[in-house]
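Look for chain A in each of the two complexes below; its partner is chain B in the first and chain C in the second.
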Partner chain A sequence: MTEVRNTPIFENVVPRISRAAGKLAIAATAVFLCSIGVFPFYWMFVTSIRPSTEIFEFPPRVLPSADSVFSPYLTLFEETDLAQWLLNSTGVSAATAFFACLFGAMAAYALSRFRFSGRETSQVVLLMTQMFPAILLALPMFVFFSRLGLLNSLFGLSLAYLAFLIPVAAVLLKAFFDAIPVELEEASLIDGASRIGTLFRITLPLSLPGLASTFLFCFIISWDEFLFARMFIRQPDNWTVSLGLASFSGEFVTPWDQVMAAATIITLPVAVIFLALQRYLVRGLTSGGVKG
Partner chain B sequence: MATARLENVTKRYPGHLAVDRINLSIEDGEFLVLVGPSGCGKSTTLRMIAGLEHVTEGNIWVGDRRVNDVSPRDRDVAMVFQNYALYPHMNVFMNLSYSLRLRRVPRERIETLVNQVAATLDLSPLLNRKPVQLSGGQRQRVALGRAIIREPKLFLMDEPLSNLDAKLRVQTRTEITRLQRRLGVTTVYVTHDQSEAMTMGSRIAVMNDGKILQIAVPRDLYRNPANSFVAEFVGTPPMNLLSVRLDRSGSVDRLTGGGVRIPCPESAVEALEAVGQGFRVGFRPEDAVISGSNTGAGFFGQVVAVEDLGHEALVTVSAGNAQFIARLPPARAEQIRHGQRIAFGVEPSKLRFFDGRKGAAVAFPLDESLEPVRRHGSCPL
Partner chain C sequence: MLGPVLVCIFVLVIAPLLWGLRISLTDSRMIGLGYRKGFTLENFQTILSDPDTWNAVWVTIVFSGGTVIGSVLLGIAAALVLDRDFPGRGIVRVLVILPWAVPHVVAALVWQWMYNPDFGILNYGLLLLPWVSATPKWLSDPQFALLAIIIVNVWKTYPFAALLLLAGIQTISDDLYEASAIDGAGPARRFLDITLPGLKRVLAIVVLLLLIWSFGNFVFIFLMTQGGPAGATNALVVHIYFETFRFFRAGSAFAMGALLLAMSIVLTSIYIIMLRGQDND
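Showing the complex of A and B:
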């Protein structure tokens, strides 16, 4: 110990400084990486409130203009059907995410817990559905849906999304169910619960993080989807937000302030849902129940 | 409380026979231990009793009810899992009361029962904690509590101690045994640890390759193993075994093999002749007699290791191609040096014989008048 006390000061200070420098470097990198992610959103918002005369100024100004205007937001709701599109998208996305989780969970539970012939094959098939580019399937589905009279309906659109998202949800959720020790369910069965009771009392509460992230994933996919919406939905009344946003770019002029304002509004619901669910997105709920 | 009975119970997986026609009768209030190496089918047997595995063939009875097709929840059994299987999203109170809540027991009654069990298992201050906030020993006690709170007909325990550290394991071992005696609940306990089996079980069933090899009280299992597998599996260190043949050419009948000659007890000669030439002789380490000179009861060997464990000493002796272990009091072992040449003998009545091919014990009339168990206590060196 005496030796340590006698060491010249710089020998103690240098490591401390280098440690601090290391932390600073990590923090700086984190800030830099985050800013890359956040900047487009910032730019979107700043552009939406910039007077239209300043939008194409060169060099562009990073800070918001002193003459910021919020009129594009009002214009959007007064002159376009944005409110209706938001409603349509919310309905379609929420329904799609809900049913994808519901049916995906059922499939995932069966794949995770039961041994049956064709189990391996069905897992491969689930993955194979993701192999084809959407445009390849869009045309046959268009024909199919038009025969069934499901074109131009939000219900039909949701159905089309479900066809894609249930397999994804099943694969995602299977991984979550696999992570829940089967002994927990066995203990519950012996303790006196039925299989369904066990599913609702033990398995589902423990897979909340998985369900939340799967729900969020499906919601965002359906919220952002454009190709199928474009093909299946014709009437502006039934447009989703992605169609509505695309409709702004005109043949001769595109009102960029309105486009950016609309984009900002469209981003908000997803952000809200993300914030609401992020509590569940943190894993670690299952730790401690069984000793591994 | 109840009895349980397994009749020709078989479990077959595709391409694999896990449990092979086992018969087992568990008495009311008994603590039966299923012991065997990993993969011997002991856990599968327990899981079939619990209803977690389907029985391929045979019948399982709990009390006088055939339960083959009864779901786990209706069998009235409780199980403690190796990894405890506590519900991680529920606190200790909710974990303990889970089965009662499912049975719609009134709220006040649940509270009384939980408090009773918590007091018994020293869990009262922990009722509001989640499993993740508990130590290994505490989790183990919650798992036990969850089983006893239901007052089931049958306790099933699947290696409940294997995740505890050595000290806690010995302590909990005693706790479980005491609890079982007090509650008097028929218990089936699975372990791969023979010392756990010997200390806890009122009866022990040794399993290997899906078969029950022997069911006996611990002392019987140790003294009179039914076959060479049990002889080697039970006891630390295990029984000394040597492949020998009967040599009747001399004045005294001897067992020879691996360069060693051991006098054969007269009462066993007839039975051994019936077996033929291939058999194995075995004796427990504490039945070895070590002395400075060959008194005619054994053979000479060289000491290759002396392990002093404090309360006893293990001396490994090499003779011919074989090695034997003797258990001695430490004081006596102090005088034995590595490399020393010593006489190694066995009290003839302590020898056990096993069929060379099947491993089954060869029965012969035992001379019970030769009582002394620890011969080394008086042997001269």
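Showing the complex of A and C:
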């Protein structure tokens, strides 16, 4: 780093050119990244409001059609079970997220506040459960659940999701509990409150933002999940949004306007939650998840 | 308080994994139905001598490796951009993260539509380029199908890489850059001498997580190509699924599961050892 190669002639010109080139490169990269991020969403929405006569045209029209229609959205609710799928997904995701937070919080609290033998090992076990390809769990579970009569049931699906979401919730929540000063709890204990009282009156209210974020994160994962749902749920009545949407593809002629309309509806709620959560997610992944 | 969770993990995660290994050593055909031979290594002999298995292993490695390379390169570019201070940075950040926020099934279908060989916007865009005269059929062409799916997976995963790398870049002290600027180092030199070495550990974690996640990725391949054309995208996960539900060979499906498990355990162990190392710093 100590070598100095610049001759006097280059001292002024080279840095100035390279600074301008650097700015240009940064701007170009930013534009490129933004367009690959946005374009698929744009194309999804534009396709969803295109009259079906214009969809199978080449060259495709890049701009929205002059006679844009919203009828695919109506058709979805009138002729398919989209409303039912949305209801199923909301129920499964909310229940899963709730219980993942409940059990996850118990584990996280223990890991964050108590020192006991096996604590390190427990943490490694929590972390490892996230690392296996889902299919390794899904196949044996499929067999167990079919014997227990839990296939084709949204309750069973939720139970399967808990298997991998409780550890995730525990790891994320531990980072939040770690950030709450132990002194607050000690003060409450000295004032005569019980352990449980302290947990409910001091710790839980303080970790409410963490609980809310973890709940929403688990909600998104359940909403998105496909493999377990595909294996466990066969009756269209019990389909989640992922299954319903996937069922459109593979038909002889895919009704792309309806598919993209359904995709838009399914994406909107989770994308909004996700973008609101992203800063917290990175923190969780770097401090909580990665530091175990 | 930890008790219920550990019991839960044991019943729902570890027990199924072990039971799966057990089934891989029997001659079970339909999963859940009985078997006649209680212990046999036939499944392993069968799958290890089957070229389809090795094709699946190879596809899994190419898919994961390709994803990691693409995702890390784009991720570094995005992190370097987001590290700069410029008007509108907040918006750029949100737009960069967008692909991460979309559900997997939605991403699969939107890209399938863009890849459409007859009416797809992607081929239309390619034809606008002056030097392109013929366009690939993407998902139905054995030469392009795997590349097409890697592109989708890179698109979906690179925001994660970018955010972790950005967090890494921001922990590097500004003093190092200033000292190096005084020494007359240009931007490229500074990147190679300071940024990259400073990112070594974050980069290793990103690479491992992306590898592990790509190993398990099912949705894109299952929805976009079903492992085809001609096995070109038949990764292990998809292969296992079809062995079980299309060909009813549970024993060999679980044997391949054991193979996948072994690959994941190696990667996971490296990951955990690295985290421990980080804690001890």
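Rule of thumb we're sticking to: the second predicted complex is superposed on the first by the 217 of 292 C-alpha atoms of A that agree within 3 Å, B and C clash if a C-alpha of one lies under 4 Å from a C-alpha of the other, contacts with A are read in each partner's own complex, and residues count from 1 in each chain.
The definition used in the following text is that a residue touches a chain if its C-beta (ideal position, glycine included) is under 8 Å from a C-beta of that chain, and two chains touch if they have at least 3 such contacts.
Quick caveat, the model's predicted, so the values are computed rather than measured.
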Once chain A of both complexes is superposed, is A:Ala110 in touch with chain B (first), chain C (second), both, or neither? second
Once the two complexes are aligned on chain A, which partner has more residues of chain A within touching range, chain B or chain C? C
Once the shared chain is lined up, is A:Leu227 touching chain B (first), chain C (second), both, or neither of them? second
Pick one for A:Glu183: touches chain B only (first), chain C only (second), both, or neither. first
Regarding the shared-chain residue A:Pro64, is it in contact with chain B (first), chain C (second), both, or neither? neither
Which partner does A:Leu206 reach: the first (chain B), the second (chain C), both, or neither? first
Report for A:Ser194: first if it touches chain B alone, second if chain C alone, otherwise both or neither. first
Applying the document's definition of touch, where does A:Pro236 land relative to chain B and chain C: first, second, both, or neither? neither
Chain B and chain C contact sites that coincide on chain A, given as residue numbers: 285-286, 290-292
Spell out the residues on chain A that touch chain B in their complex, using ranges where they run on. 181, 183-184, 186-194, 197, 202, 205-206, 285-292
Residue positions on chain C within touch of chain A in the complex are 1-2, 4-6, 8-9, 12-13, 15-17, 19-20, 23, 31-32, 74, 77-78, 80-81, 84, 86, 92, 94-114, 118-121, 124, 155, 159-160, 163-164, 167, 179-180, 183-187, 193, 205, 212, 215-216, 218-219, 222-223, 237, 240-241, 244-245, 253-254, 257, 260-261, 264, 267-268, 271-272, 275-276, 278-279
Per the touch rule, the chain A residues reaching chain C in their complex are 1-6, 18, 22, 26, 29-30, 33-34, 36-38, 40-41, 43-44, 47, 55-60, 62, 103-104, 106-107, 109-111, 122, 124-129, 131-137, 139-144, 146-147, 159-160, 162-164, 166-167, 170, 223-224, 226-227, 230-231, 241-242, 245-246, 248-249, 254, 256, 259-260, 263, 266-267, 270-271, 274-275, 278, 281-282, 285-286, 290-292
Which residues of chain B touch chain A in the complex? 50-52, 71-73, 75, 77-79, 81, 83-89, 98-99, 102-103, 130-134, 136, 139, 146, 150, 163
